[in-house]
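Some structures are shown below for you to check.
Across the two complexes that follow, subunit A remains constant while its partner is subunit B and subsequently subunit C.
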Partner chain A sequence: MTESALPEGGLRRVAIDPLSRVEGHGKVTLLLDEAGIVRQARLHIVEFRGFEKFIQGRPYWEVPVMVQRLCGICPVSHHLAASKAFDQVVGATRLTPTAEKMRRLMHYGQMLQSHALHFFHLASPDLLFGFDSDAGRRNIVGVAAVHPELARRGILLRKLGQEVIRMTAGKRIHGTGAVPGGVNRNLSRADRAELGALVPDAIDWAGEAIGLVRSLFEANLPLYREFATFPANRLSLVRADGAMDLYDGLIRARSPQGETLLDDVECGEYWNYILEEVRPWSYMKFPYLKALGPERGWYRVGPLSRVTNCDFIPSPRAEAARREFLAFDDGRAARATLGFHWARMIEMLHAAEVIGELLEDDDLSGTELLAGGPRTARGVGVIEAPRGTLIHHYRVGEDDMVVRCNLIVSTTHNNESMNLAIREVARRFIDGRTLTEGLLNHIEVAIRAFDPCLSCATHALGQMPLALELLDADGSVVGRLRRD
Partner chain B sequence: MTVPARPRVRLATTSLAGCFGCHMSLLDIDEKLLPLLELVEFDRSPLTDIKHCGPCDIGLIEGGVCNAENVHVLREFRANCRVLIALGACAITGGLPAQRNHLDLGLCLQEVYLTEPSLSRGGIPNDPELPLPLDKVHPLHEIVRVDYYIPGCPPSAEAIWQVLTDLIAGRLPQLPERLVRYD
Partner chain C sequence: MLDGAPVPFEPGQTVLQAALAADRYIPHLCYHPEFRPHGSCKLCTASVGGRLVATCTTPAEAGLVVDSETPQLRDVRRTLVQMLFAEGNHFCPSCEKSGNCQLQAQGSDLGVTTAGFRHLYPDRPIDASHPDAWIDFNRCVLCELCVRASDEVDGKHVFALAGRGLTKHLIVNAPSNRLGDTTFAASDEAMQVCPVGAILPKRVGFAVPIGSRRYDQRPVSAQALDDAPRPAGRSP
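Right after this comes the complex of A and B.
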């Protein structure tokens, strides 16, 4: 089967529409021949919105608040990526310690809530009940009925993340805490103590969630090892010393064999290394590493890439969990698509540990909130969102209005991989069989492993695919003056 | 809260051209989600694997209408839900996505997918599997009758909880002043 087999006469179309228990809108179509062999399988992103277009002409200081409306699931990622970009525009090359730590706290709060939501509310029913279990029970209601304590913990883990966001951003969803150059609030000692009291339970529960994923692997080893698995390049930010860092870092990419493809790449230079292509059947573009070309240069982002790309995790429990994960089944879990769930829970634990550590830091109650310096016209903000590397790139005119905006959202990086995953599942589980709801759910299980945010992906059109040859030193496209 | 003797209320939810923030706000009722699951049965919703809305008591919709598919889903909800609620700014006014209403959609598509000089391989996505985009983003009430509107971007969890529990108890929903927010 190829991605682009032409729909010939006689092929039967089967659609999974809408995809459910994922965030956002999308659908999968399959074309089957008479023998029931899947000849084509595609994940389509079906909405077109135009955010990058209509943000042109808005004042830059509005953008960190506006841009979150791309996505209500990870609004903090967009809020912070935009703020980081505009830090450069207002000349804040270094944030104050209070600002930097408030933002980090907000971001790790978001990591906690998003990972908890994905695992407990959306994905766990497949893993706990079986990929082809009764569709009526395969949801959070079913989990709450059979594993009430697990459901409750999932809800409370998410709640802690949301409360961290509320206290740092002012609102749980679409807050306003970060501004170009810093933040607009700090945290009182009382608030810190109140949140801090909730952290030890969260750390324990996150640790137990890792144990749960491990036991699922142990109980179904051949299935979990193989399911939707294929070799893939991986890309993420890492800190200069090789540590996992979800708020800031340098770009690193590795091949499936672990060879370094990119390392120590400054975020502002991303456009020298990444290109994108369009395919007529999806509004989501297909990015790839320029040096390797579209056939070989696609890569995966997100928890599995981050956990396997960094040299260590800078918090003790999560680092121990990372080592255990990398060693499990001779490293095969760390290459498996379902290994995403395991890696996601390791990051959830890490987020809880970081939140605990930050809350003890008195800098959070400091009063120096803003930094500034000489104004520049361009800013690139890159952050590790829950689902992977998120890139915001803006150009601002002298009148403070945004003249250009380019976003590459996390899920877009995974476009090729998700399509490969569904083709792999179609080949293994669907070819030649009588289609049932349970078999079709296997396709969704593969997509859910990536925790795609199709909501983000839907908005992010108008991403400017960039080629070095066509840009000037400032990242502007030569000959694109009409738009700038 | 105790489980009521009468049949559970059937609730469907969907997101059209929204960001899922309104759905997240529904989940922000936190621990109250567990008693809610006792009171209602979810029909089509991002939380279940039910792909089409059946007969329901309450339909909650976030997001405006930006393509032919949205129109179809919205009509399906209206035909099936006794009470239809427009949840949040996008459903009520079109919200942020409606900012594209002053742009020409055709030119917008062209610029993004066709005329970027640096596209490695371009072309406007036009597969029949992609629903036709509408030239404007519409609020729900321009397409179907809407029974209740909960403002906010997103409305707070408390506001959503208030309206749902009123409806489940058979009361006319009342939002106290402090829960009526537009941010």
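Right after this comes the complex of A and C.
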């Protein structure tokens, strides 16, 4: 399939616009020849946000609050990545134990709520009912009708994450808990006990969700093993000892064969190893590993990369689940694109375990909230957001105003991978066939595996209007398929 | 009489001062009990003897009949607040003054739920030249409280308003028009008294959590009554 920017003569264009059950707005275009063979498949990001520009000239302490407006699903990630960057600006090379643990708790709360939202609300309808099942029930309402207990658990898991965020950040969405150098609140013992009482159920339910994904793999092994699957480099943060760490760590990248491409790279040095390519047809850039170049250096981030990149998960049940995942089907599940769902549930379990552990830590109720030191002009904050590695990079002037900002968000890292995934699906499921809504949903299933946050700001839940138009080479509409 | 009930007053008090001292709230923004009345925001407008006047500058007199809590006046005040929001760039979600901002609190008290007017989206450059304070002119409501505080308390005459009508704007007393080149200090009353997020201390923006701020606790109407000076022997 070609990757050229302009449709070629004789090809017809099919657009899936907007994509549904993903966060943010995007569209997919397919160019088909007369035989119905897909000659080009692309994921387009159709919104332009401009945060990197309008952050310029604003005071640095305002940025962690402002920049989290990029997203309503994972604002905590942006809030914390920016705060981590400005920790360096205010010279806080080491946070107080209370600040560090409050932030971690906030972050793992977000991981729990975001993963629960994605799996139960957005992805499970495809997995439970089938990719081309009746579109009318392929949504969370349909899941609730057939699997009420599963839907209830999904909602309660998400609620626990949201409550953790509320108590650590002040609000469930767009709070202000983290500030440069630390946090502005601690957690009372009563609050810790209230949240802690909810954790055992969450751990059990997350464990059962892993079992559900495994059973889906077992029931549909050939499909799940191969659907939208292709070899990909993977990149994530890991702790210095190789453990999974979603809040902080060093950058590690591995090849599809497991060879180490990067390891122990300090976050502040990311730009020596990662470059971004601009292509004329998308607002989203294409990052790649500098050493390998844009053709071979693209990589995948997110749960699947993290679970397969770390040496171990530092919580017992999640680590056991990781080992089971890696061993399943001779390791093929851990290479499959639909393995994202399995890995995501392992992380959800890990998040629940970490939340339970942290809530027992008296440091959360400590009163030393802020640290500081010699002021610097530059800060890089990198964090593992629910969707993958998130990089915030700022330069601050002597007058305390931001002069430069570079954000590489998780979904951007996955840009090339998502495009490859839809090409793979188009080749296998669409080539030469009559287009139906169910067939086109296969493409969305592939994209949803990555849990993209397409604009990192707007969200689509449930069935969204879908309009497909078949155009001839002159742009004339030759056919329409519509879902209202 | 205020809204049908008698209100005691002392010679020299304005209608607004007498009302607040008697635990009767009239909305206001540019009035501050420690400074001479200014009468610019017009939020304290009430019907005095059938005429609409600013109560912060109208002397209290025996026999005055004042109507303040009427649906019409509430509409007028809501419109005035909407105009202030539309004239500047007041982006509450990321403004560090949120929760401590009188404009926001008045909007909440008066039920401002929409802009009501087309935003003017002014483009006023920030002044971050001072080491300890910064000014976001986009949030200035031209109340002149900083002007009065700098003149009357700080004795520095750092601030003034220049221009007329829509071009009216805050200036500082330096040839460069940069705050860092004035005698302003972060401890000046002129900074403490800013009711909105225009003149702010640096580096402490979100140190106080959301939910713990002044107007998170009690509405502006209750806070204003707490702050109102009262004659000896009368408590709130």
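Note that the second predicted complex is superposed on the first by the 454 of 484 C-alpha atoms of A that agree within 3 Å, B and C clash if a C-alpha of one lies under 4 Å from a C-alpha of the other, contacts with A are read in each partner's own complex, and residues count from 1 in each chain.
Note that in this section a contact is a pair of C-beta atoms (placed from the backbone, for glycine too) under 8 Å apart; a residue touches a chain by one contact, two chains touch by 3 or more.
In this text, all values refer to a predicted model and were calculated from it rather than measured experimentally.
For the combined arrangement obtained by superposing on subunit A, do subunit B and subunit C clash, or do they fit?
Because the two structures are overlaid on the shared chain, the partners are seen to fit without clashing.
So in the superposed three-chain picture, is A:Val179 touching just subunit B, just subunit C, both, or none of them (first/second/both/neither)?
After superposition on chain A, A:Val179 lies in contact with subunit C alone.
Once the structures are superposed on A, label A:Trp61 by its partner contacts, choosing first (subunit B), second (subunit C), both or neither.
second
Where does A:Arg69 make contact in the superposed view: on subunit B (first), on subunit C (second), on both, or on neither?
The answer is both, since A:Arg69 touches subunit B and subunit C.
Between subunit B and subunit C, point out the one touching more subunit A residues.
B
So, A:Ser215: does it touch subunit B (first), subunit C (second), both, or neither?
Neither partner.
A:Ser188 in the overlay: touching subunit B, subunit C, both, or neither? Say first, second, both or neither.
neither
Now for A:Thr260: first (subunit B), second (subunit C), both, or neither, which partner does it touch?
So A:Thr260 meets neither subunit B nor subunit C here.
First (subunit B), second (subunit C), both or neither: which does A:Thr436 touch?
Once the two structures are laid over each other on A, A:Thr436 reaches no partner at all.
Closest pair of CA atoms, one in subunit B and one in subunit C, after superposing: how far apart in Å?
Least C-alpha distance: 5 Å.
Give me the intersection of subunit A's contacts with subunit B and its contacts with subunit C, in residue numbers.
66, 69, 171, 174
So in the complex, the part of subunit B that touches subunit A is made up of which residues?
Its residues touching subunit A are 15, 17-25, 27-28, 30-31, 33-34, 37, 41-42, 46-51, 66-67, 69, 95-97, 99-100, 102-103, 108-109, 111-113, 116-127, 129-131, 133, 153-154, 157, 183.
Touching residues of subunit A toward subunit B in the complex: what are they?
Going through subunit A, the ones touching subunit B are 15-18, 20-25, 27, 29, 42, 44, 46-50, 52-54, 66, 68-73, 75, 117, 121-122, 135, 138-141, 144, 148, 151-152, 155-156, 158-159, 162, 171-174, 275-283, 294, 437, 441, 444, 455, 459, 461-462, 464-467, 470-471, 477, 479-480, 483.
Over in the complex, which subunit C residues touch subunit A? Could you list them?
Of all residues in subunit C, those touching subunit A are 93-96, 125-126, 128-129, 134, 202-211.
Sort out for me which residues of subunit A touch subunit C in the complex.
Residues 57-59, 61-62, 64-66, 69, 90, 170-171, 174-177, 179-180, 184-185, 370, 397, 399-401.
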